[in-house]
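Read from first to last, the chains carry the letters A, B, C, D and E; within each, the first residue is number 1.
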Amino acid sequence: MDVRQQRRKRNLVRAITETAAAPVLALLILAVWQVGVPLAGLSDFILPTPWQILRRIAVDHQLIATHASVTLFETLAGFAIAAVTGVGTALMIFYSRLFERAIYPLLVALQTIPKVALAPLLVLYLGYGFAPKLFLAFLLAFFPIVIATVVGLNGLDKAMVNLTRSMGANEWQTFFKVRLPSALPSLFGGLKVGISLAVIGAVIGEYVAAEKGLGYLQLQASSQFDTTLSFASMIVIAALGVVTFWSLEAMEKRAVFQREAAR
Amino acid sequence: MDVRQQRRKRNLVRAITETAAAPVLALLILAVWQVGVPLAGLSDFILPTPWQILRRIAVDHQLIATHASVTLFETLAGFAIAAVTGVGTALMIFYSRLFERAIYPLLVALQTIPKVALAPLLVLYLGYGFAPKLFLAFLLAFFPIVIATVVGLNGLDKAMVNLTRSMGANEWQTFFKVRLPSALPSLFGGLKVGISLAVIGAVIGEYVAAEKGLGYLQLQASSQFDTTLSFASMIVIAALGVVTFWSLEAMEKRAVFQREAAR
Amino acid sequence: MRDPAPATARLHGVSVAIENVTKIYELRDGSDLLALDRVDLAIAPGAFVAIVGPSGCGKSTLLSLVAGLAPVSTGKILIDGEEVKRPHEKVGVVFQTDLLLYWRTVMDNIMLPVEIKGWRRQDYLPKAERLLEQVGLAGFAGKYPSELSGGMRQRVAICRALVQEPGLLLMDEPFGALDALTREQMIADLQAMWLSVGNTVLFITHSIEEAVFLADRVLVMSPRPGRIDLDRTIDIERPRSWRSRTDVTFIEYMSEIRGIFEARGVLTKE
Amino acid sequence: MRDPAPATARLHGVSVAIENVTKIYELRDGSDLLALDRVDLAIAPGAFVAIVGPSGCGKSTLLSLVAGLAPVSTGKILIDGEEVKRPHEKVGVVFQTDLLLYWRTVMDNIMLPVEIKGWRRQDYLPKAERLLEQVGLAGFAGKYPSELSGGMRQRVAICRALVQEPGLLLMDEPFGALDALTREQMIADLQAMWLSVGNTVLFITHSIEEAVFLADRVLVMSPRPGRIDLDRTIDIERPRSWRSRTDVTFIEYMSEIRGIFEARGVLTKE
Amino acid sequence: QDTVNVRFSWKMKGEYGTYFLAQEKGLFKAAGLDVKLGEGAGAQAALGALIQGQEDIVVLPGVFALSAIQKGIPVKIIALYHPKTPVTLITYPEKAAKTPKDLVGMTVAHSVGETGTSYLDAFLRLNKVDPASVKRTLMNAQARVPAFIQKQVDVVSVYQTNDLPIIREQHKGTDFVVMDMVEFGLAVPGMALVTSDQNLVKKPDVLKRFLKASAAAVRDAKADPMAATQAIRKAWPSPPTETAVLEQVKATVGAIPVPAGHEIGWMEEKTITDALELLKSAGEIDAPKPAATYYTNVLLAP
């Protein structure tokens, strides 16, 4: 059919431009950066060019990959714990106004306290190993997941809950059949914010106490004034953020029913 | 009426327990902390007791208040900018899939890059004054606001948009009459996460370059091994987070229609 | 633990007793709204009771109380002699709005009660397919609610309630969004189902014709606050045929009910 | 810029031309669904046209195309000779679902079109209050949608469309959730409004009686894909009274339309 | 074999080369010690772990230790390798500061807790320069050197044992003017070994053996700095060039005095009291306690 062919072509063109958008923008920024650094009279000691950074990543790819895998693992582990406990906490907040009133200030306070300043305590109780990174990745990711899940749960209409209840559903079933699916879009919003904060948490943890991981590598490099390696680490940290975010988006596409956009 | 009186009494009791919940929990935690520190054999150099911290806050209240007002101002200013530009960016993302595809990775990368590592660049380009704190408070608050707003906008049913369109509304009117009100619960979720991150941003900014603010005070205190003052600063930072969060919740209560809870 | 007994074992109707029930809503402006005022009603097992009444008189409210979805303000409701505190497991409801889950296909929406009751899906698939065909939606099992018309959605919601063969079926204007002919067909099907299954049905409708055709008893409710103004037993032989609507007895019942309605003066008259 | 001219100046009906319109929906499973198949229709300014047809035949689809809310797949639609690309400002719609904004009071919901068109609220408040009273909701201006019954919500939605006195009024089963008497009253009120205002009305209903009573022309649509099977002009004097439903001409029109319906065999017959 | 947990206060740097040399050459093992060397996350965290018994010895700047002990923390300096931290002020040739007097009118980069500039006032007064005539800009520690390189400030303090060799190597074209603050009278206690009062009582013998092996390593490194350089570079994930680390090691061992008749690390009481005066003049502490509160030489006795 003519209409069908036209539609297929249109979809293809759209898919291509949309896929190309991010790389094109990234390349554009890199180009401006590459050209801008010498123009601004910046020493590569302050800000290396992307080309220098990429070369460094290529040269030290093994070193960087080793550290990156550590950070990635810490991020994912901390995030996973945050996702599970975050949704659990959100449920308790949702079901109990009293709990909400009591716990919210505590959560906010925990969220706001400068983590780096807690280094002595963290090191004392969690040591210099895996634990403090896991803890910080978890802690930073936790709060946005809780908030977004609560928002998502609150968005459900009472009528829907009455529907499953009328079928004899217990709260558990109502949760999985109705509450969770309808909270998913918001929940995933929280997870997306959460995962990028988990990366930051892991990196801060590595600042506080580590002998490996990208945060360690970056701090180590910058305390040696190896700006290029420091930036290389930062770029890889950012890339870790982008990749985990994208993976989450891919999961979201599969898990969440995509309603027609109301544009 | 009997039923009415009963209800009024029930509401009063509930209001009291809910208001008391947070202070009671806080007192409980403080009590455990107070008793636990000596029991755990912790030196007050590592973790002072709440009583010591409170006494210190009382003694140095003037000093702390001066620094706190600086941090508060930075937080609020950065947050305000983040709220406005965050909603704007969310709108562009919502209306243009291409923009979304292009800009999301960049936002995530910006969000994930360790800010403290950017200190040299920040100092170079933003100086030592108000600007870097404002910038970091803004930057940290920005991302969750964008994500939550996009989620909120996406949650609207197409039928509602058709309703205002059928009345001849332009996109602007549709936004203010339908999209924004229905996105408000999610948007406020993002704002709440955002404001606590804005506090952190301001504090990090003070770590980077400052001669005032609670972050500076805390850093200064801990470099001199004045753990009590360091914790006093942290507690006040956390309190700043809680207070700004609460103010936002109070605004939310007034601005957002409170639907019947679907518990 | 749920009873995994075969479907036939659940299929006798239950009794319903509504005793001096009042329902007061607390409104947002702080005022109270008396929706139901001392309603008394006893429904025998297997009876088909229709309720008509002016819009806003409290029909849906009454249904939600019987379904155990909202608490009564005073009085009590008993199902099979047991006080209703939460939804009774033998009850199935067709709500006034379709309440389809937008992320589930038509078939998965219909399977919702089966999943919740912990029954085996494959035991109920043939029945669901038969129901879908009966309501004229044979090809739509895999489609999503957003791809259906208003009337189609309502028909799916009806299938969802019927698939469980509930001992007490509560229906709130189930045929409101259907065209005349589809409606007639579905009314006939509902009668057939009720005759064969023998469950109790509480049926809210705006159509006096529908009420008289289907019910053993037609209740007429007064304008808000809802009370039961008339409780008329309909003595017409079963199975009733759609043609019988023009019979004298049928017309007489309808006129009586209309008369009660009109006497109460629902809207302002010119 | 919007025209702040007095209400009376907007009140002549507009003409509608539907030319060879087809509508294909793309479904989620990748298949296409032909909802409307080459529909042709011309409506004179000020005419009252009713559409009946089986559930799912494409009535709401046709309405959304005329309202400019979805693009036609082929063909075109003209309002007052101007092709419809986006909603026409003289059109007012009553949708099949009420679509009330839950965070606005009843009155604020009714004032929505007034705000959007940039008119002065106080100019329209008296009219809105009159409408609310007419539909039996005098005390409910300050209540919220969640505090209303289904039929009450639908009546608010009708008030919202009528407050703008649109040149073309599109109504999708506006009286579906109303009891018999409230419905009769509202039908009478709608006729009176139409006679005094003189706007064009496109009225979708499931009640053949409603269609014949209100319309100049009744269109009968075929089952999906929707086509116009019958276009019957109703020659009954105005104003029509509710009693005239039992007149011979009235009954004849109804039988004819029923006949067309039945000929198409909507559902499976036993 | 006795286990000894050693915690550095910061990340790897050439300063720590001698410990890795001792490890590699088996000096610790020979002393019957199983030594675990760990990088740190700041002096505070390291000291905290020390007094809670998780660490046996912490390697950190001596001033930090003095300041902490003044606050009542139950630890003591048991060896001071750098009585005078080899800190310098560097400037560009165009706007050079060869002597303290040249600093007048210049801007110095300063960070919270930074040794070189925390005692700048005392240093200037010592050299008869009005402290008010030198401007300071406060910033994050990591931003100081970049700000200097980008010429936002005129002067920055750097360590011969750490940053100076690297900066020099990275800016080979620039002949930075280096003012050695030690030469102009600044004596800030640097690399120190600290243990808790508890450990001092519990396992003096183990600590003694550690100090002995550690001092032996210093002597070895003084003779062969390249060996220490290679030892630490092996344990270092991404080390600077060999030349730079070698410079760091050389400066480190060069600044470690060998006291006549005493083991390396032995402390004169005057070193400690002078340092306390310096801290007091900078407003970091009030009246000092008796000197014995801060240090002990008992573990260095033969």
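Just so it is clear, a residue touches a chain if its C-beta (ideal position, glycine included) is under 8 Å from a C-beta of that chain, and two chains touch if they have at least 3 such contacts.
Note that the structure is predicted; figures quoted are calculated from it, not measured.
Each chain gets a centre from the mean of its Cα atoms; the one farthest from the centre of chain C is E. By the residue-number overlap criterion, the interface of chain C with chain D counts as same, with over half of its numbers used by both chains.
The interface with the greater number of C-beta contacts, when B-D is set against B-E, is B-E.
Centre-to-centre separation of chain C and chain D, using mean CA positions: 28 Å. As a whole-number value, the distance joining the C-alpha centres of chain A and chain D reads 49 Å. The mean-CA centres of chain C and chain E are about 85 angstrom from one another, to the nearest whole unit. Chain B and chain E, compared by their mean Cα positions, are separated by 40 Å. Residue positions 97 of chain D are each in touch with at least two other chains.
Multi-chain contact residues of chain E (touching two or more other chains): 44, 47-48, 52, 142, 146, 150. Residue positions 46, 116-117, 120, 124, 160, 207, 219, 222, 259-260 of chain B each touch two or more of the other chains.
If you check the complex, the residues on chain D that touch chain C are 25, 27-29, 33, 52-56, 59-61, 96-97, 133-136, 142-144, 147-152, 155, 173, 176-183, 185-186, 188, 206-208, 258, 261-262, 266-270. Interface of chain A with chain E (complex): residues 42-43, 45-46, 60, 63, 67, 119-124, 127-128, 207-209, 211-212, 216-217, 219-227, 229.
Residues 14, 17-19, 21-22, 24-26, 29, 46-47, 94-95, 97-99, 101-106, 108-114, 116-118, 120-121, 124, 143-144, 147-148, 150-151, 154-158, 160-161, 185-186, 188-190, 192-193, 196-197, 199-200, 203-204, 207, 215, 218-219, 222, 230, 234, 237-242, 245-246, 259-263 of chain A are the ones that touch chain B when the two sit in their complex.
By the touch criterion given at the top, residues 64, 67-69, 86-89, 91-93, 95, 97, 99, 101-103, 112-113, 115-117, 146, 164 of chain C touch chain A in their complex.
Remark: chain B residues 159-160, 162-169, 173, 177-178, 181-182, 256-257, 259-260 touch chain D in the complex.
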